[in-house]
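Once you've had a glance at the structure underneath, I'll fire off some questions.
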Amino acid sequence: MNYELKNIPVRTQKPRAEGFTMAMDKGLSLREVEDFVDSCGDYVDIVKLGWATSYVTKNLKEKIALYKAAGIPVYLGGTLFEAFIVRGQFDDYRGVLDKYGLEYAEVSDGSITLNHDKKCDYISTLAKQVTVLSEVGSKDAAKIIPPYKWIEQMQTELDAGAWKVIGEAREGGNVGLFRDSGEVRQGLVEEILTKIPGDKIIWEAPIKSQQVWFIKLLGTNVNLGNISPSEIIPLETIRLGLRGDTFDMFLDGISL
Amino acid sequence: MNYELKNIPVRTQKPRAEGFTMAMDKGLSLREVEDFVDSCGDYVDIVKLGWATSYVTKNLKEKIALYKAAGIPVYLGGTLFEAFIVRGQFDDYRGVLDKYGLEYAEVSDGSITLNHDKKCDYISTLAKQVTVLSEVGSKDAAKIIPPYKWIEQMQTELDAGAWKVIGEAREGGNVGLFRDSGEVRQGLVEEILTKIPGDKIIWEAPIKSQQVWFIKLLGTNVNLGNISPSEIIPLETIRLGLRGDTFDMFLDGISL
Amino acid sequence: MNYELKNIPVRTQKPRAEGFTMAMDKGLSLREVEDFVDSCGDYVDIVKLGWATSYVTKNLKEKIALYKAAGIPVYLGGTLFEAFIVRGQFDDYRGVLDKYGLEYAEVSDGSITLNHDKKCDYISTLAKQVTVLSEVGSKDAAKIIPPYKWIEQMQTELDAGAWKVIGEAREGGNVGLFRDSGEVRQGLVEEILTKIPGDKIIWEAPIKSQQVWFIKLLGTNVNLGNISPSEIIPLETIRLGLRGDTFDMFLDGISL
C-alpha cells in the first residue's frame, strides 16, 4: 500500500479462495480494459462479460486475452448460457467455450424455466470441461423463491459440481437477493448462511449500500459480484474500513 | 457475430433507414471517442454533441473528424440552436455548421417559446443547407403538450423538410415522452403512431426500461436516441433479445 | 470558445479565487487522468482523491504528477485525514503529505467525533505546512447540525487558518447540505450566507439539480465540489446558461 495505517483488516491475496470480487464488463473497449486492469487488476478476481454482451463485442478474443494476461479469468454471463439452452444449442455453447479458451462458465435459469434436475445435469456436464459457477434466483421480480428453495437449489448445484453459487441481483441490484428498492432480503441471506458456507457463495451486490451491508454482516473478505469497473477501487476501500460507511468496523481497541 | 445463435432477429445494417441508434456525447475526450467508435461504431448511426457542450469542448474539429472517419455523422444539440435563435444569431449558427463541416442539424424549441410557423421556417431554411432533425416536446416538465398537438407539430415539421422528428426526453428521460418518474406516456406514443410513420421518429429513451418498452412495442429496429456511450452495447443486446428484459421476444416456435 | 454567442456570463479564469470547480477522482487510471485533463483541464481547479482511495491507488505518484503537469493541484479526501487521526497517526499523515509533495490537505470530522477546538488545532498546524480546506457536516444522515453551529464552525475554522470551508454532501449528495432525497437544505444555505462570504465556501453538489440550485442562487462563479469527471463539461454549460436548466438566466434585455 502507499502508506501505513494501523488496524487495517487483512485482505486475502490472489488467487483468492475468499474475499474475491467479480467485476462486470458490459462493453468496455480494449483500451478501457487495459486501463481497468492497470488500475484495478489486483482487486479483481474474475470478470463476467455481462449477460450476452459477448455476442456483439468486437475483438472478443483480444479482450479475453487482455484479461488473461493480467491474471484475470473471464466468463460469459448466464443469460448467454440460457440463450443457447432455450434454442437447443447446448453443444454449440460448449463449442463457444472451447473456441475462446474459456476456463469458467455460468449455469443459470434467470430468464428461462428449467427443471432443476436438468439444470444440475448441465452443471455436471460442464464441470468436466470448465469451472462452473451456478446462479440461483430469477430475473423476474415477481418470482419470489422461498429461502428453503434457495438453500436446496444451492446445495444440489454445489453437489452437482458447481465451484461456487451466485446469488442473483442483475446489474440493477433490484431482484433476487434484493427487493425492488434495492434493499437486501435480510432474512433470506441469513437463512441461506445457516446451511451454505459463505465462501461457496458470491453475492451479486452492484449498489454501494448492498456491498456495505454484506461487508458489515460477513466481513472484509466476503465474495461480491456484479461490481462495475468504476466501483472496484471504492469497494476495496469499503472492505478495508476506509470509507465512511465502514469506517468504524475495524477500530476495536482504538479510541480517539 | 462472434458465434451462431438461432432465432436472432434481423438488424438493419448501416446506413440504416430504420433501427438506428443516436448516441449522446456529453464531453468525451478524443481518446474516449476513439475507444467508443472502436467498440461501438457499428451500432451507432449518429452522434449528438449534447445540448451546447460543443461550446466548451476542446479539440472540437478533431472530435468531429474522429467520428466522421468512423462513418458516424455528428450534430449539435438542439439547445445550441435555441441559444443562437434566442440571441438573434441564426446566421451565426449557420456559419457554425459551415465552419465545422456539419451535415446534420437539430431544430428544437425545448427551452424557448417559438411560434410554430417560425420553427417550420427555420427547418425549411436549414434543410437547404443540411439534413434536419426537428424535435418536439418541452424540457419543462410542467408544459404538457396534448397528443393531437404532438402529431400536428411532427407532421408540419416533416412537411417543412425535417428528415426525422425526435421525441424529447432530455438526458434524464423524465420529460416530454416520459413522466417525472421516467415512465412512458404510453397513450401519447400510441396516438402519435396512428398518424406518423414510426420510421420518421427517433424516440429519446436514455433509461433501460424506456428502451425495453419501445423495443417491445415497435420491435428490434425502432429508432432510439439519447443513448449514453456506455449503454450502446447493452442496447444492442436488448434489440436482439439477448438480455433478460426481451429474452422471450424472439422465441416463437421454440420450446425448451 | 469554439464560436461566439452573445450574453454569455463572464467566467473567472485560472487561477480562480471564485467560480472554481473541485472534481472528485475515485479511482481513475493514469490514462483516464490524461483523458480527463485533456478534455476538462481548463475547467477543473483542484482534484480530490475521494476519501481514502489513495490508499489502494496504484501509481499514486504518477497520478499526482499528471495532475500537477496540467496545473491542477491534488488533495486527499478528508476521510483519510480522519483515518490517520482516529489511529493516533497525525505525524504519519503529515509524512504522507510530504512524501507525495502535496500542497493542499483537508481537515474534516465527517466520520469521527472530534472536539472542535482540537479540529481547529489540526487546521492551524497543517496550515503551516499546506493550504488547508476544512469540511463542515457529518456523513451520518442522522446527525443534523443546526445552522448556527455550521456558521460557528465555519468561522472558527477559517479563523484557525483554513483557506476555504467545504459543505459536506458525500459522493451521493444525500447528507450534510442535502436531505436524504438529495434536496437542498435551502434555509441552511441561506442562513450560512448571511454570515460567511460565499467565496470562502465550496459547496459539494454532485447531483445536477444541486448544481443548478446553487448556480441559480449564487451565479455563474459559485464554488462547487465533488463533481464527477464525466460531469465537468455539463457543469460548465450550466454555469454559462447553455443547458436547459439555466437557459434563461442570462438573457436579460433579449427577447425572441
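We call the chains A, B and C, going by the order they appear; numbering starts again at 1 in every chain.
Throughout what follows, a residue touches a chain if its C-beta (ideal position, glycine included) is under 8 Å from a C-beta of that chain, and two chains touch if they have at least 3 such contacts.
As the structure is a prediction and not an experimental result, all values here were calculated from the model.
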item: Topology of the chain contact graph, where touching chains are joined (line, ring, star, complete, other); value: complete
item: Copy pair chain A, chain C: interface residue numbering same or different (half cut); value: different
item: Rotation in the CA alignment of chain B with chain C, degrees, nearest 5; value: 120
item: Whole-Å separation of chain centres (CA-atom averages), chain A against chain C; value: 34
item: Overlap residues in chain C, where contacts from two or more other chains coincide; value: 31
item: Residue numbers on chain B that touch chain C, as the complex places them; value: 26-32, 50-60, 79-80, 82-89, 92, 95-96, 99, 110-114, 139, 170, 172
item: Of chain C, residues touching chain B in the complex; value: 1-7, 31, 34-36, 38-40, 42-43, 208, 230, 232-234, 236-237, 240, 242-244, 247-248, 251, 254, 256
